[in-house]
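These are the structures in question, set out in turn.
In what follows, chain A forms one complex with chain B and a second complex with chain C.
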Partner chain A sequence: MVDVSTGTGLIAIGAGLAVGLTGLGAGMAEKDVGAAAVGAITEDPGLFGKAMIFMVLPETIVIFGLVIAILGIFVMNV
Partner chain B sequence: MSLPESMSRIVIVGTRSRIDEAIDALYSVGAVHLIDHITGADEGFSIGHSRPYTSKASERLLKVRAMEKELSIDKHTKAPSVPFDEISRKIESGGVESVDEEVYRVIDERNRINQKVTELNARKTDLETLSVLPVDLDLYSGYESISVLVGAVSGDPSESLKALESAECFISADRKKGGAVAVFVRNDDKDKASAILSDYGFTEMSVPEGKGPAAEALSETEAAVAAAEADLVAVGEQIEALREKHKTFLKAAEERLSITVEQGSIPLHIATSDYSYVVDAWVPTKQTAAVVDGITAVLGDSVHMEVQEDRGRNLHESEEAEERFKEAPTKMKNGNYGEKFEYPTKLVSVPKYQEIDPSILIGIFLPLFFGFMVGDVGYAIPFIILGAYGLKVAKNKDWRAIATVLFFGGIWAFLFGLFFFGEMLGMHFIGSQTATSTTWEVLLGVTFPDWFNGVIVGIGKLHEVTFLLKLSVYIGIVHLMVGYVCGYINIRMQHGNKAAFFEKGGWIITFMGMVLVCWALTEILFNGRPVEGDFMYITLVGVALLVAGVAVNFKTEKIQAILELPGIVGNILSYTRLAAIGMSKAGMALAFNYIAIFMVADGLGGMAGIIVGLVVFSFCHLMVWTLAILSGGLHALRLQYVEMMSKFFVGGGKLFNPLAIRHKQTKPVSSQETVSAKKSTTEV
Partner chain C sequence: MFRRSGKAGNYAYSVARVKAKKSLLMKEDDYNKMLMMSLPEISRFISETGYQKEMAELAGRIQGIDLVEHATYSNMARVFSSILQASQGELYDMVAAYLEKWDIWNLKVIVRGKSYGVDAESIREDLVPAGSLKTESLEKLISLESEEDVLTSYGKMESVNIPAEAVAEYKATGSLAAVEDFLDRNYYQKLLASIDPSSRPTRLFQDYIRKEIDLLNLQTILKLKAEGIYGEDVVKYIVPGGKQIDRKLATQLANAESLSAAAADLTQLDFYEDIKDALESETNSLRDIVAGLKKYEMKEAKTFSHLYPLSVIPIIDYMIHKENEVNNIRIIARGLESGIALETIKGLLVI
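Coming up: the complex of A and B.
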């Protein structure tokens, strides 16, 4: 059993929520974009680059979540 | 930051009697991008007709392609290339026709046998059904007052058929396979019998011709099917032999004839009158003289050429031009290194003639970002090897693009891994062991020389988190600034300084202001720095720049100027992925190393521990390495596409596509042979 304080535990939970919830959000956004992108690429493979741009737009949210989690865990000295 | 090659528009006028030579000359200079003539654009001229030799060549091309399809020769079939004049001579002397005759003799034979096999198989199926009935084949027909109903049934109709008084029934019922029935009835009772049988899923069949029991006929038919199939195999071998024999000729002939047809159709793109032709074309400005000389050398006095304009980058020039001359084609010019990264640019769009081609910027930043995110010697070396191998063997442009990124990205990853992070497979080279991680020095039991310690900075990906996040943000600021400046240069080129200032200059000022204000805010909020002295002035400058930038933008973009502000912060923060993805890789590597070294190798102990530990170690790192391609590559590319290129890149240009013979299956002829080959061009 690792002995940690309540505050540390809360930070760890917060970090988990930050990554988990943003991941969920990005996933929900990307499912629509991805489906449309695959459809568009089937029609015209030349659209791949543009489709990819739209496809990767929402995953910035996860990166923000990840950064917050990292800041929480490492910078706040858990 | 390179612009597409400068283009000039030239017009070539000549006598129609020498048009074939002119077409050859246009192809031989290899730098002429035709502008399609539009009916009615020039008085007295109309779109020309294809050359007389085109129809014969098209007919032959059709034959060649049909034969290729029959012999399953496609673009993946490998065949040696043939000298251009040799294939021309062969085609000219009726090569296509004689091969066509030879091939189709065999193909027709194959089709005939195929048909025979189909017929025999149908007969076999019928006979199989009838073979269960004890009636000879010749007894099924030849009656005047009796009707015969023969076919398959799904149930057993014996009971129901008893209702027919004077019927002779032969029934064979089988639950699984289904049964067969033959009913001999008076002509008057035929309808009645049909009605009874239809309740049992009766499907009538026609009795195959023949004599004696159906079983005997069945074995004869089976023997005939086997014989026909053997014939088919033999013909298949003949076709295979023909494929080997003629694939070189057919592939070369297809290429040669396609060129002839393409050349013969050139008059459909240009203007012609009764006695002359006019060609409008784009030529790279620096090649104009060479093109003029090249064409004059062939046509001498019977051609006149004039440079109409040297197209500049200002959009007013294009807007004033005639519709067909509005858009100059884009010939990307990025040097040896940059051209390797034209593919990612083209994935988004071809740059316009009047804008900066981002390929070289992608070439600089994409491998750099990829390398920074991977930042590990152990992962870098396989990347470099894989990339170099890919560049050597890959022909497909998608694979080549991936190999390019892996190779150059691998080099950066190696440099960052060795000098900056001082890390291999998630473990530092130097340092001491802790509870959860170890170093190569401890693991190998060696001490690296002092000079080695000196060159390594040794940033811990999971220790100096704040520093790495800040570094990523600074890299982002530089990268975004490059994007904004390119945007400014583009608009300045297209519309002049004033437009550039209001459209892009405002954003540059806003961006600088935002950077300073954000920096000041973090200092105040996180570090509690008092607002005084130099810091106060810097903060004030930041606020002033921000306000000024928004004011400038407000003139052109209205409320959007304010709404976009959080977007700038989002863009900058987006670069923290550089550190975050590096950290996630390091985190995974740390966990896997802990499992392999501390839990497995130390836990099991002895030789077995080391072996199992090594297996776990290799497998886990292979996983991290594979993930690095996906996350590192995609995120590095995204930062180019979304963050940087959206600041300046519009795209939608038209690629420069000069008339030229592209040899794949044919070999170019030497200069002495060229003349004879060209003569035959017109005859083929």
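Coming up: the complex of A and C.
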């Protein structure tokens, strides 16, 4: 078993939560955005490009979470 | 937050589809253009604006004004069915209850057609299979021998018990009034029951339907008054559930001696401003009043359509606008065909 301090362990949990919770949030947002995008594309396939952009917008939240996780692991964990 | 039960509606998907469809509806300019056209030009124009599939399908069999009328109705039926099929859960329940009016419409077409001895093919052409009864069920109704069988069979399909007295009255007098009255009441009762008024958008929808009942009741009262029918004979046709016209006001209006006398009772209603001119004009024409009421209905639909994007409201709003578009096209086509003055046709349009 790897021997780590309590502080390092807490940082690891924090990093996991940052990515996990933002992923959950993005998923919830994409549920409606995705459904609406598919609906719009069904009516007009020309909307695919625009719909795709709206579809990936909530993904930015996960990137913020990932940044915080990386900061936590590589910057704070010195 | 995580509600994924079968009851939850798929609002995002359905509303996005409906919004995309709504952007293709005709604008005021299009109607103005159509008023300047001849019938063949109107046919070509609507072929290019969303009715191409139906126009192409029907062009081989029918022509002229009939082609425009049938193509617009079958297009509306196809569009409404696709909305119904795309809806799920509570949204499906509400849309299905709202579209049941087309089932009633189809029943009326079949029963009336049969009572006048119209052939099956002509009945079929006037049907609008936009409700829950699909072509197969309607075919079954058309194939039945007598009108009573049609009414009984319809009752079974839609789980409604058409009262025996209403059917007996139809048998004795040939008048469908009692059956129609029962079906209309039942339709609004079921529709109001399908709406769960626990959220603000559904409450708005419920309010809209209750206002629609008011307008329907007012039209009934005014039409019967124009025929010289007063009092209890009118009140029995009043559909309960209206928002502003309750039984007391309905009785008051029904007992008023003339349209002008009734006008005094109408001043307290929301839509008085919209029908004021028609009521006060010398001609006092029912047609103008009805057009005024239709305009008010559209105005109401427009005001609430942008309020709650993820609710049943944009879907109902679209269906109201689509039905209105079809009516407008038919008014223009019929009006031009009959040589009615452009100004009169324009007055009938609800834009």
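Methods note: the second predicted complex is superposed on the first by the 77 of 78 C-alpha atoms of A that agree within 3 Å, B and C clash if a C-alpha of one lies under 4 Å from a C-alpha of the other, contacts with A are read in each partner's own complex, and residues count from 1 in each chain.
Everything below uses one rule, namely that a contact is a pair of C-beta atoms (placed from the backbone, for glycine too) under 8 Å apart; a residue touches a chain by one contact, two chains touch by 3 or more.
Keep in mind that what you see is a predicted model, and the values were worked out from it rather than measured.
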(request) State whether A:V38 touches chain B only (first), chain C only (second), both chains, or neither. (result) second
(request) Have a look at where A:L71 lands relative to chain B and chain C in the superposition and call it first, second, both or neither. (result) first
(request) Considering only the touch criterion stated at the top, classify A:A12 as touching first (chain B), second (chain C), both, or neither. (result) neither
(request) Applying the touch criterion given at the start, work out whether A:L57 contacts chain B, chain C, both or neither, answering first, second, both or neither. (result) first
(request) Figure out whether A:A29 sits in contact with chain B (first) or chain C (second), or with both, or with neither. (result) neither
(request) Using the superposition described at the top, list the residues of chain A that contact chain B and also contact chain C. (result) none
(message) Quick check: in the complex, which residue numbers of chain B touch chain A?
(response) 344, 346-349, 462-463, 465-466, 469, 570, 573-574, 576-577, 579-580, 583-584, 634-635, 637-638, 641-642, 646
(message) List the residues on chain C that touch chain A in their complex, please.
(response) 1, 10-17, 19-21, 86, 310
(request) Give every residue of chain A touching chain C within the complex, in rising order. (result) 28, 31-33, 35-40, 42-44, 47
(request) Could you pull out which chain A residues touch chain B in their complex? (result) 48-50, 52-53, 56-57, 60, 63-64, 66-67, 70-71, 74-75
